[in-house]
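Shown below is the structure under consideration.
Chains here go by letter, A, B, C, D, E and F, matching the order in which they are written, and residues are numbered from 1 within each.
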Amino acid sequence: MPLSDLTLDECHAYRSTATEPPGFDEFWSRARSSGGPADFVEVSTSLKTLRVYDVRFPGHAEQPVRGWFVTPAGADGPLPCVVEFPGYNGGRGLPEDCLLYASAGYAHLFIDVRGQGSGWRSGDTEDHEPEGTGPQHPGFMTRGILDPEKHFYRRVMTDAVRAVHAARAHPLVDPTRVAVAGVSQGGGLALAVAGLVPDLAAVSADVPFLCDMRRGAERAATGPYLEIGGYLKVHRDRVETVFATLGHFDGVHFARRATAPALFSAALMDTTCPPSTVFGAYHNYAGPKRIEVYPFNGHEGGETVQHAERLRFFADLLHP
Amino acid sequence: MPLSDLTLDECHAYRSTATEPPGFDEFWSRARSSGGPADFVEVSTSLKTLRVYDVRFPGHAEQPVRGWFVTPAGADGPLPCVVEFPGYNGGRGLPEDCLLYASAGYAHLFIDVRGQGSGWRSGDTEDHEPEGTGPQHPGFMTRGILDPEKHFYRRVMTDAVRAVHAARAHPLVDPTRVAVAGVSQGGGLALAVAGLVPDLAAVSADVPFLCDMRRGAERAATGPYLEIGGYLKVHRDRVETVFATLGHFDGVHFARRATAPALFSAALMDTTCPPSTVFGAYHNYAGPKRIEVYPFNGHEGGETVQHAERLRFFADLLHP
Amino acid sequence: MPLSDLTLDECHAYRSTATEPPGFDEFWSRARSSGGPADFVEVSTSLKTLRVYDVRFPGHAEQPVRGWFVTPAGADGPLPCVVEFPGYNGGRGLPEDCLLYASAGYAHLFIDVRGQGSGWRSGDTEDHEPEGTGPQHPGFMTRGILDPEKHFYRRVMTDAVRAVHAARAHPLVDPTRVAVAGVSQGGGLALAVAGLVPDLAAVSADVPFLCDMRRGAERAATGPYLEIGGYLKVHRDRVETVFATLGHFDGVHFARRATAPALFSAALMDTTCPPSTVFGAYHNYAGPKRIEVYPFNGHEGGETVQHAERLRFFADLLHP
Amino acid sequence: MPLSDLTLDECHAYRSTATEPPGFDEFWSRARSSGGPADFVEVSTSLKTLRVYDVRFPGHAEQPVRGWFVTPAGADGPLPCVVEFPGYNGGRGLPEDCLLYASAGYAHLFIDVRGQGSGWRSGDTEDHEPEGTGPQHPGFMTRGILDPEKHFYRRVMTDAVRAVHAARAHPLVDPTRVAVAGVSQGGGLALAVAGLVPDLAAVSADVPFLCDMRRGAERAATGPYLEIGGYLKVHRDRVETVFATLGHFDGVHFARRATAPALFSAALMDTTCPPSTVFGAYHNYAGPKRIEVYPFNGHEGGETVQHAERLRFFADLLHP
Amino acid sequence: MPLSDLTLDECHAYRSTATEPPGFDEFWSRARSSGGPADFVEVSTSLKTLRVYDVRFPGHAEQPVRGWFVTPAGADGPLPCVVEFPGYNGGRGLPEDCLLYASAGYAHLFIDVRGQGSGWRSGDTEDHEPEGTGPQHPGFMTRGILDPEKHFYRRVMTDAVRAVHAARAHPLVDPTRVAVAGVSQGGGLALAVAGLVPDLAAVSADVPFLCDMRRGAERAATGPYLEIGGYLKVHRDRVETVFATLGHFDGVHFARRATAPALFSAALMDTTCPPSTVFGAYHNYAGPKRIEVYPFNGHEGGETVQHAERLRFFADLLHP
Amino acid sequence: MPLSDLTLDECHAYRSTATEPPGFDEFWSRARSSGGPADFVEVSTSLKTLRVYDVRFPGHAEQPVRGWFVTPAGADGPLPCVVEFPGYNGGRGLPEDCLLYASAGYAHLFIDVRGQGSGWRSGDTEDHEPEGTGPQHPGFMTRGILDPEKHFYRRVMTDAVRAVHAARAHPLVDPTRVAVAGVSQGGGLALAVAGLVPDLAAVSADVPFLCDMRRGAERAATGPYLEIGGYLKVHRDRVETVFATLGHFDGVHFARRATAPALFSAALMDTTCPPSTVFGAYHNYAGPKRIEVYPFNGHEGGETVQHAERLRFFADLLHP
């Protein structure tokens, strides 16, 4: 694939022109309130160096969200903790998918995104839409797209915030040493949490989705940003409404509210989350920050190379 | 596109091996009960020879379903009526999309499929999933896929049955002269209604979807049957459950219960609804039947040529 | 699809650099002369609110061109009339394809494009090339490409002009209230007629083809502009000749001569008729004008949404 | 590409089921009559070992057909001659494209196919359709498709027969040592000539097109057989008419009338001229015959490997 | 993707017709001889529950092959050991890519395939071709394709055998409890080792490549089997030579010599390693065996679901 | 294909920013030293006007390189000579592939590129990598990519230089009238030779590859430049090393050292060798120069049209 978005120099110069919807903070103030207590049930696996718990915590509207909580087998804490979110339409998968952070000495909470987990790694969390959410383009981007209160990411980002609460409440976890992390959609959720939850120790957002979304919808050639255009192709009179709704979930606005040290990454040949959209969020990010750029990668970005970089970044801040 | 499914001779010899789920009739007995009364509100358009009404009738769980009801401008009835259902992810669109049947002297009720109408023609009907329906592959096929009671088409087919009730209750409509019709998903819904509603005057199902679905999931190269395989690619242990659920919505089983005269059509180069799956339903159809075959068409099938054939077929039976 | 042509702001600023071929008006002066009388033979259909006539009028070189003439069933005129031209390689199809304008109270003349009607809707009009027209790339764009006198669109645009004459001569039609309309190629033909026929009441050109053709040939990624490049890929020494010929048929030049009020539409993700080429004609248009822009659509443009807009636009000017 | 047609064993067992149209020989009897004399004008090139002539001979309806006639520079004859026909939408190109046979000691006549030569190598021959030939799908297969008298290949095959006459009449050529040859469409034309012209010395048809055409239209995934299906996709009621017309130009029928020794070739992964269609003609071929099979090639077939084989095959029969 | 190879029933009935090259055992007898001692150098990582060693052992021609050796952090053995091989053009990657088996209580040796590791996970092992290996199609399949002694997999399979020797010689490893495993190419290498090395405790081959290779070359639509056809498309006269060479590396022949209990997996929609080719090896496998079939998966096969199954299969046999 | 690189005006203004690696001339000084004598063995073919020799000359490290040497049949010299290099992964093919230059009065030496000749025309020359060259992406671009001494084109360009030596030493060749030529990779090699070998009479480089390679790797959408990005996608930390190595083989640096008159060609829709990269070399070219531009061609460029132009260009300088 050739370069199809801005060059690196142009990315450094680019600034998002997205405008924040009025009432953004008020909209999100409810999400910050804590949900109820989480359940952690140890499960039997073939793993010997790690201990795995099936987690269920109350997310948006107290609906149960599932995840895996994994720790080093003999740990008696307090441990630093990494809360991680999956990429688009992935789920928590199997415990064997969640080995890295616990092997590196962290408590690790990997949660489902509700309704997802049927695209590349299975999920186990139902999504409830009791109010009905209107016609939608296949996928998740346009569920409830006409009203921020009903939008899919209203529920998911609330779940993500509450996942941090759940992690902090676990006896093995040191609540002052909690990081959030994710790739693609997971990176977008990590940025949302970074803007909504105070006192995080670190944030890692790789090739994050859900950033500078109008530009994403106009420039992406692959991936879920296309769902927005797919919807607007039919609902031609809803362009402003759609982007007004999405503005409530856009990483460029969350980034302005974040304070924790952050590690970003972008890939210059990424056609799913074009690098300019990542830089849109990065330039707005208010905390200490650094960005890794992969010049010849697409949306896979840095993969394990970036994960290893992330481990070093977290180690400096969370002292596993 | 070359032929990729059975040849015409092989289609004539093919019989579906799908087995009917136990309790099929009991499962559907509730859907037959009538919902409440429908609203018909005349709307202003640029049309002069036709009169258009915005329809809202209670569908599954009394949730409102939208449609257009169109009649010849000066008609004072009783009129024969065609109840029509849209193809996958289409909706009722605009009144200007619904000219044919009223211009030919019928009352015409064209309804939305709930939640759809963002793929090629807009819809206006919300879908409600109060119970939560589990992880799903983008699209509609795997919503509630693990339980027939929660499956998307449980709600949609109930809506379709109730659309016939709504039409029959309208003062301009002669309830003994009601036909159902549709292309692709619309054809699948017409077959479902043909199996669930007695005393229909005619049925028209063109390149119907939702027929012989396991074969569809194994043989289709394009279109929504792929959602089933997309889900099972991740949820590898759910193959039997998935097809047990889908069996409740499969045209090969509805066809056995149908009695009204039916006009089918199939296209031999159709990779979305492979012709063998259409013949699977056709061979099972218990009423008088005929099938048009388009040897060099894909899923577009006969288009206006078939619509004109349909008008002739209906004219013989409904006397507009 | 991402944006691949100019942004909307850039489209507004863009001006075509195409130069008009010398002798343009002289070349076209013959086409303006009227052909002979048209035949209108009523045909039997299943339609009840409309009356349909099979039309045959003398086009270029008096060769017969076919169309449908449709009116409200009981109309006794005088009626305003919409003359409409099909998109690339479509034809008049069946009468059931031509319901909209007559249902809205107009006389409606929908004509074939000679030789076309084998791509998506059938046509019935032969094209004659008595002189022989040289090697050509598959399709219609390069037929007779080396000489404007022999070029395919020389014949077709003459037919289009004469279709207006035929319509105006019909006793049911009010010749002062005639509009021309079309989508894609049909829009290009409408612009040609707008530049060649005086006293039109209105013009509607949606995502018009045949505008700013060199830019089209350099920027289009899909559709018939590619035929030009396909020809020049082989006939490498004919670049200037080819564009000199095409200049006689380019909407950017017809637009300068037009005076009737016009409604344009463009789609920003259109890779068949890139929006810049549409704006190239729009900016040159000499009469009153307005343009609808669809930011997330491809070449399908506004579809029924735009057709409904067109009905409102025509209603103000033609009073059906 | 995987195998997508019959395996080699199945090809050997396969027999075409195409039925010959009535009056086939009568239809072609006129083509056998000789046209007028050809012009040979020597042209200046950069070539030193070869002499090149620009040829113009009267083809169908005495319309001029162009070609190159190339001989070894010092030859004073009589020479054996190879008459060669281009692949689909190619033309005679430049003299530098026609080096092989003259370098091997033959007189070589390479002719245009009228109207073609804009797809991959340029042609210079106009096609005339004085009668008009009806709507057509882009390309050449469906020009005049409703009437064998008007069909494109009626003219082209007549040209091909007359090319042999023109070659035989040249003073340098020994008329008893004339072979015909071609690849793809050129192979189809060579078979047609083999069935229409007596006393040929040899025939070479590589991956021939225009053989067993209904099977071709149903099985080809690429190339011009798709034009037939493209036309029938719109003109759904013309299936029998179309194949009745094409039967007059089908190599499976010409093959039965051929007597000259023939070398065929087929490629098992050919999706443009599926190997079964080549074997359909091969099995019918009435003269001495041999076939080379390329198991891992697509429509490119044997290329120069086959050309070298052809040179050896011709050498045995024509003694250059 | 639809089914494009045999159905499951047909796979069960299918038997490979590949014939074993003469001298197969003699050819491989040298590979069985042990190489020299391996180096294990502990490396520093962010991992805390595992210990990682950079491995270098003498492979074919004593050239150094690299890998990671990973153990539970506190293990003092003897441990059962899994020797694993990467998929096509992957390498050992980073230590963070190799967490599963050591976390489950095994010593784990993951080795590079020489020259590979530039397609999806990086490798660090050079390949040496001192003799020169002739023209080749891009990739690895046709390196040295004309001579089994020079073929790429001659070297790679020797490396794989010696990797088992290296593992068995490590003081932490119990040499009686060694399993081999791999996915795709890794599965093909595991089968090769299973046929060449006695006394293995278990074998796991998922969607194995390098099995029933002529059928693979004729049926695969994606992946490295296409390199074989790519080469033969140019080297048309080498078909028999190529498959004679490849016969020395074909899993269908190694399988006949294997004795260790084996777990296979196949995916019915796999177009890279068609399921019939996997069953070709499976049916020949001489030891105890079982196969998991994924009916709606492509070449990704069972992924973590199968890895978890593999852990259970190994646990029963290796007692970690 | 639309334009996807710079427009022609932008190409004229563009200058490459590639920086020359230090020690470039020293690196190449060894290649200039002559190898040993070449063998020319006449071969029997079907050709009569030409004489063909199988050539074998010592290339890099004295490894034998194969080619065809073709002359007019009766020539007794001294003849001007064209030394030609094949495009990527092509080889010398068969003698019948090499007719043009000898037919035009030249001695013609067409050589293999070692290891290639399995992509579109067969080659017969082995490549030796005695030192081992590290992991590589399929293809040839990244063989030995980490060290200029080990890189594939180190060997190939040395071969190309020595091919000129071999030609000059042949008794029929006038060593003062030697030109080098090639298309794509062949053009890149011609430029390399032009920069390394003094006293050439002419140079022809059509749509040359291996020019301005970083830009090529960032902008090409097809072809072998993609191998560079494919490698760097995995070996993310090697970007600078890779381009430092490739700098030793980049036409933009060879061009600065060239003095012979040169004919370039570029194609504006070329996505394999984007026109900007060709102009990057062209603008740097230090000798007399001219460039043909094909505005509507892709990587096929001018084909025979350009070959004929080349013949005229050579005729003026080499006097055949």
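In this section, a contact is a pair of C-beta atoms (placed from the backbone, for glycine too) under 8 Å apart; a residue touches a chain by one contact, two chains touch by 3 or more.
None of these values were measured; they are calculated from a predicted model.
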{"item": "Minimal step count in the chain contact network, chain C to chain F", "value": "1"}
{"item": "Farthest-lying chain, centroid of Cα atoms versus that of chain B", "value": "F"}
{"item": "Distance between the centres, which are taken as Cα means, of chain D and chain A, whole angstrom", "value": "62"}
{"item": "Where chain B and chain E are represented by their mean Cα positions, the distance between them in whole Å", "value": "50"}
{"item": "CA centroid of chain E to CA centroid of chain F, Å", "value": "39"}
{"item": "Residues of chain C engaged with two or more neighbouring chains", "value": "121, 305"}
{"item": "Graph class of chain-chain contacts, one of line, ring, star, complete, other", "value": "other"}
{"item": "Interchain pairs in contact, sorted by label", "value": "A-B, A-C, A-E, A-F, B-C, B-D, B-E, C-D, C-F, D-E, D-F, E-F"}
{"item": "Parts of chain F lying in touch with chain A, wherever the complex brings them together", "value": "4, 217-221, 228-229, 232-233, 236-237, 239, 271"}
{"item": "Chain B residues touching chain C - in the complex, by the definition given at the top", "value": "46-50, 72-73, 93-94, 96-97, 99-100, 102-105, 121, 304-305, 307-308, 311-312, 315, 320"}
{"item": "Touching residues on chain B, where the partner in the complex is chain D", "value": "1-3, 269, 294-298, 300, 302, 305"}
{"item": "Chain F partner contacts - residues on chain E that touch it in the complex", "value": "63, 89, 91, 112, 115-140, 142, 227, 230-231, 234-235"}
